[in-house]
Amino acid sequence: MIRIGIIGYGYWGPNLVRNFAVTKNCKIDFICDFNITRLQVINKLYPEIEATNDINKILLNPNIDAVIIATPVFTHYNIAKTALQNNKHVLIEKPMTSDVASSIELIKIAKTKNLTLMIDHTFLYTDSVNKIKHFINAGELGDLNYFDSTRINLGLFQPDVNVLWDLAPHDISILLYLNNEFPISVNATGISHTGNDIENIAYLTINYQSNFIAHINCSWTSPTKVRSTLIGGNKKMVIYNDLEPSEKIRIYDTSYQFKNTEDKNKILVDYRIGDIHLPKITNSEALLGVANDFIESINHNKVPISNSEIGLSVVKILEAAQKSIKSKGKEIKL
Amino acid sequence: MIRIGIIGYGYWGPNLVRNFAVTKNCKIDFICDFNITRLQVINKLYPEIEATNDINKILLNPNIDAVIIATPVFTHYNIAKTALQNNKHVLIEKPMTSDVASSIELIKIAKTKNLTLMIDHTFLYTDSVNKIKHFINAGELGDLNYFDSTRINLGLFQPDVNVLWDLAPHDISILLYLNNEFPISVNATGISHTGNDIENIAYLTINYQSNFIAHINCSWTSPTKVRSTLIGGNKKMVIYNDLEPSEKIRIYDTSYQFKNTEDKNKILVDYRIGDIHLPKITNSEALLGVANDFIESINHNKVPISNSEIGLSVVKILEAAQKSIKSKGKEIKL
Amino acid sequence: MIRIGIIGYGYWGPNLVRNFAVTKNCKIDFICDFNITRLQVINKLYPEIEATNDINKILLNPNIDAVIIATPVFTHYNIAKTALQNNKHVLIEKPMTSDVASSIELIKIAKTKNLTLMIDHTFLYTDSVNKIKHFINAGELGDLNYFDSTRINLGLFQPDVNVLWDLAPHDISILLYLNNEFPISVNATGISHTGNDIENIAYLTINYQSNFIAHINCSWTSPTKVRSTLIGGNKKMVIYNDLEPSEKIRIYDTSYQFKNTEDKNKILVDYRIGDIHLPKITNSEALLGVANDFIESINHNKVPISNSEIGLSVVKILEAAQKSIKSKGKEIKL
Amino acid sequence: MIRIGIIGYGYWGPNLVRNFAVTKNCKIDFICDFNITRLQVINKLYPEIEATNDINKILLNPNIDAVIIATPVFTHYNIAKTALQNNKHVLIEKPMTSDVASSIELIKIAKTKNLTLMIDHTFLYTDSVNKIKHFINAGELGDLNYFDSTRINLGLFQPDVNVLWDLAPHDISILLYLNNEFPISVNATGISHTGNDIENIAYLTINYQSNFIAHINCSWTSPTKVRSTLIGGNKKMVIYNDLEPSEKIRIYDTSYQFKNTEDKNKILVDYRIGDIHLPKITNSEALLGVANDFIESINHNKVPISNSEIGLSVVKILEAAQKSIKSKGKEIKL
């Protein structure tokens, strides 16, 4: 039985509690938050869990095996470090930390102490993303050519991180999960309409050694919500629309093929447009998959799907993207 | 009565002929093309027009007042120059020419000779774009914050120009038409999947002195066709979906406002989400508007809507974009 | 403080409990259900409410002021009658009872005893339906011409009532709420694919003295879910799509007008197609409105919006529809 | 070489001419219309065809082999009869005639004289309808349970026929083509908002001996255009949306199965919701298929797909539907 302490009961915390509460082989002992009203809510909903504003009741508690961190990004590193140093397995809300160096340090500590360090990239546990991964791995899409994601809506402006740090971790983690190749560089542009230098619109291109390219368009200032990703292979292409209640994935039996031609000024392209296939998607809650993977990874000493390497890669790309934006879109090597 | 010669009867030429044939105060005397089959088609459809493969029958003909050029981009400059030098008014298919220098030269000749030089940026004559312009000019959107356009489909790979030169002229001309501010620089990234260094996917950011930003996403390799533009003001926002048969424009009474706050770590944002308004769009053929504007501009010595300055600006942005792609996304000043 | 007993904790009961639990001026004392597992759930979720399988603890309890009935339709009459006879206000899940006679009897008892008798036609408390009612009452639609509703999905086959009794109460109650005219007759057709004579597909036409007509298409056997209603006036028309997350109502500034013509063989029609307006819809929970209306109607001795007369009218139409189906579609007077 | 005379050059006539002009083994000699402007249009577009207002130049011309009738419905019978009596093959615009008796008479004459008599039910030649027929015939849908069609828009009010005669022939011919069983009766309701007793909204139920039911909802007074048909089998279901530019057909791998149960009050249903498949639809012009079938049927003395028996069945159902509407929805046997 893994004894758990959850730190942070703001936007995402309640979802974590709700899911870990029904996960096998674990028990939530403490939830820590600094907001008194939230503590009262916890007491009412979960009288058997101790609600506290004293973070050390969790971090220094020898009975606690695992700590789940759902606090603002800039606090992740310190809390996670203390937890690991006190021999606790750690699950951190995405993104892992606010810079590459701190993420690397956490990984080092976890490795040394043989502790599970996992990042909550929830989308890696959705049926949609796993169906796409299945089709890619089965070779149905052929060689991947591009990944183009749009994640825009009228969103909550964050005071500490820009729109890429807020929204793009979803797309980047999915991209890293689906395509094994690691990118070589990024370019990013963006704008802040608040005058505080924190971009509310940003465009990110991720470059690869191979013929593959990725692009992510993020905005907090769109009048309509879009969650759409195009993934093109040289055999088939996929559109993943996460806002569709059930028809989230469309597989297009569409492709084009270049033919050799002696005339250098001509391109001969064979287009093929075929059927479209909408596989059934199960709407089970992805966060329950996160919870199960975390507990099982601890119990079986296995590497979780959303592991710290993916978490680090996401931070690497975000950090480089931010550097690119601040360097007027210059290419930043990874 | 303006006597017209049309050069090029490929993809767009027939549309030009069809529309100029019903435009007042003009008459098509010649159509020139090098393809014999096309000349036969012209003879059958328009027995009263002379179909020829001799371009000089138009360019050197003293009875011809105006020349319309619908040939491949790289030929625009030479044909237009000869036409202007022979005192003909000129309408050129978009984009104007394949580089800034040649566009500037054409403008200079036209100015000296007081000839109309117009570029066929057809979208400036659609009811959709003009409705949006009307709302912007009336102050309904407030100050403009962003323009974000997606123009992707399974498109014909061009052998001589990349996807930006092929598709982005539409978005750039609309952008220049709607927003009077001239941009200061661009960043662009892209990829060629054909191995010929001609990008079939490209992402373009256009930067401004003010708080405004524009982004254009173009691809010939999408399984689905998208023609969608978001335009955000600080009062209202617009989504323009050109694929909708009648509901092309949605005006969102949606905005956000930043409030002053003493705490630097906080952003106070007031969100307002209101009604959506879909103005009726008239589906009249835009190219007929182009034809009328060309003939009237000649007859009344007025500046056409889609004038050579807009044409030049489009080429400036495209040329800079191409330079940026080839410089790994570096900012290129305009 | 109105003391409440809720009878039935199956599909809808939990929603009633959740909403009445946060409604002012009332308190749920008892929930009755025959299923032990459900009683245990109640004990866990609501330790302060007594969960019981003894219905008389509610019906015969002198401390209970109001009874809410969420049991199968065929039990409504008996439970409601006993409740009213024991001087309790009553809220019944739709449809009111399974035949007209019993509904009339309940109304009579409630009237005699001056008790509130209300039916839970939840849709009358949605912002969507009330926005439409507002536009109709303001004369924006002009004279109403038709109401055409489709309510189909892959639904749970009911063992005791056909698809009309299951799904059409929503449409009929909305229709009666929006249009004050009472219909004169119905025609209905349908089919049972189960061999038990209980229709899983049915089509209902509702006829009026005036120029108005209503039609409702219900099915449990559609591969896709549709919740769509067209309402046509002679000035404007409305499409109400309840599946849209936020854009539930579209008001079309579209109409046609007939002109007098001497030639009897000709119809002169003026068509007008104008803008479309999507008013903002608030997604507040309608059932909370039901709860508030019930409690306030008791406390202020007022007639609730979803009153027993509407409930009776719905049953009248359903009973006539069933008679029509069994009489091969014959018109049945109301 | 079949020599053709086309009678009627109103709404549909030009489409017939355009398609027969490019059909092999036939030649249009005459087009007849009473409108002088239309005759001038014909002269301009087709100088090689004789445009006439003298119908007898076609009907009594011994050189004419086949007559195509695209005039108002009430004139079909007389023209077709004269044509057949003068030994001409006949293609009639849908619906065949305005009553059953006259349709039967035409069939009898055609049979006696061994002439091809064909009705232009164009939808039977679309790739969409044939794809559905293919899936049905291959047993993919299993046993058919229902057909539910909605064909509504802001339509041209016809002065002589109601909305069912105008729009429903499409749905009825598709229904008869897809399902071999002949219906036993119909019920129909409707309303006329013009005061001329010609219904502009109508609802038609078509009843079968078996467990199958069909329903068609037609209106000239909808603010939006809908062309949607649901076809349910006990294995799979189809939605056919003719307004989709390319994704016209969706095949749902969805079904339900009833299980035997001892408890008469219970229904045990197994629901299965699976993938959705969108077969590629070719957008070739269906009317060209009509033209080819007509000419080949004449030349090879074969029965065309859209033959006179289907034409007659459509008229039978329409006539019965009209009788039902005028008898207040009473069932009318076929």
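As written, the chains take the letters A, B, C and D, and residue 1 is the first residue of each chain.
Definition applied: a residue touches a chain if its C-beta (ideal position, glycine included) is under 8 Å from a C-beta of that chain, and two chains touch if they have at least 3 such contacts.
Worth saying up front: this structure is predicted, and the values here are computed from it rather than measured.
Visitor: What's the overlap between the neighbours of chain C and those of chain D?
Guide: Common neighbours, chain C/chain D: none found.
Visitor: Quick one: which of B-C, A-B or C-D reuses the A-D interface, over half of the residue-numbered contact pairs in common?
Guide: Looking at which residue pairs coincide with A-D, the repeat is B-C.
Visitor: Need the most distant chain from chain B, centre defined as the mean of C-alpha atoms.
Guide: Looking at centroid distances, C is the chain farthest away.
Visitor: Averaged over CA atoms, how far is the centre of chain B from the centre of chain D? Could you give it in whole Å?
Guide: A distance of 44 Å separates the two centres.
Visitor: Please compute the C-alpha centroid of chain B, do the same for chain C, then give the distance between them in whole Å.
Guide: Taking the average C-alpha coordinate of chain B and of chain C, the gap between them is 54 Å.
Visitor: Between chain A and chain B, tell me the centre distance in angstrom, where each centre is the average of that chain's C-alpha atoms.
Guide: It comes to 39 Å between the two C-alpha centres.
Visitor: Where does chain A touch two or more other chains at once, residue-wise?
Guide: Answer for chain A, listing residues that touch two or more other chains: 273.
Visitor: Which positions of chain C touch chain B when the two form their complex?
Guide: 247, 253, 273-280
Visitor: In the complex formed with chain B, which residues of chain A make contact?
Guide: On the chain A side, the touching residues are 145-146, 148, 150, 152, 154, 156-160, 185, 187, 189-191, 193-196, 201, 203, 205, 207, 211-213, 215, 217, 219, 221-224, 230, 232, 237, 239, 252, 254, 256, 258, 265-267, 269, 271, 273, 324, 328-331.
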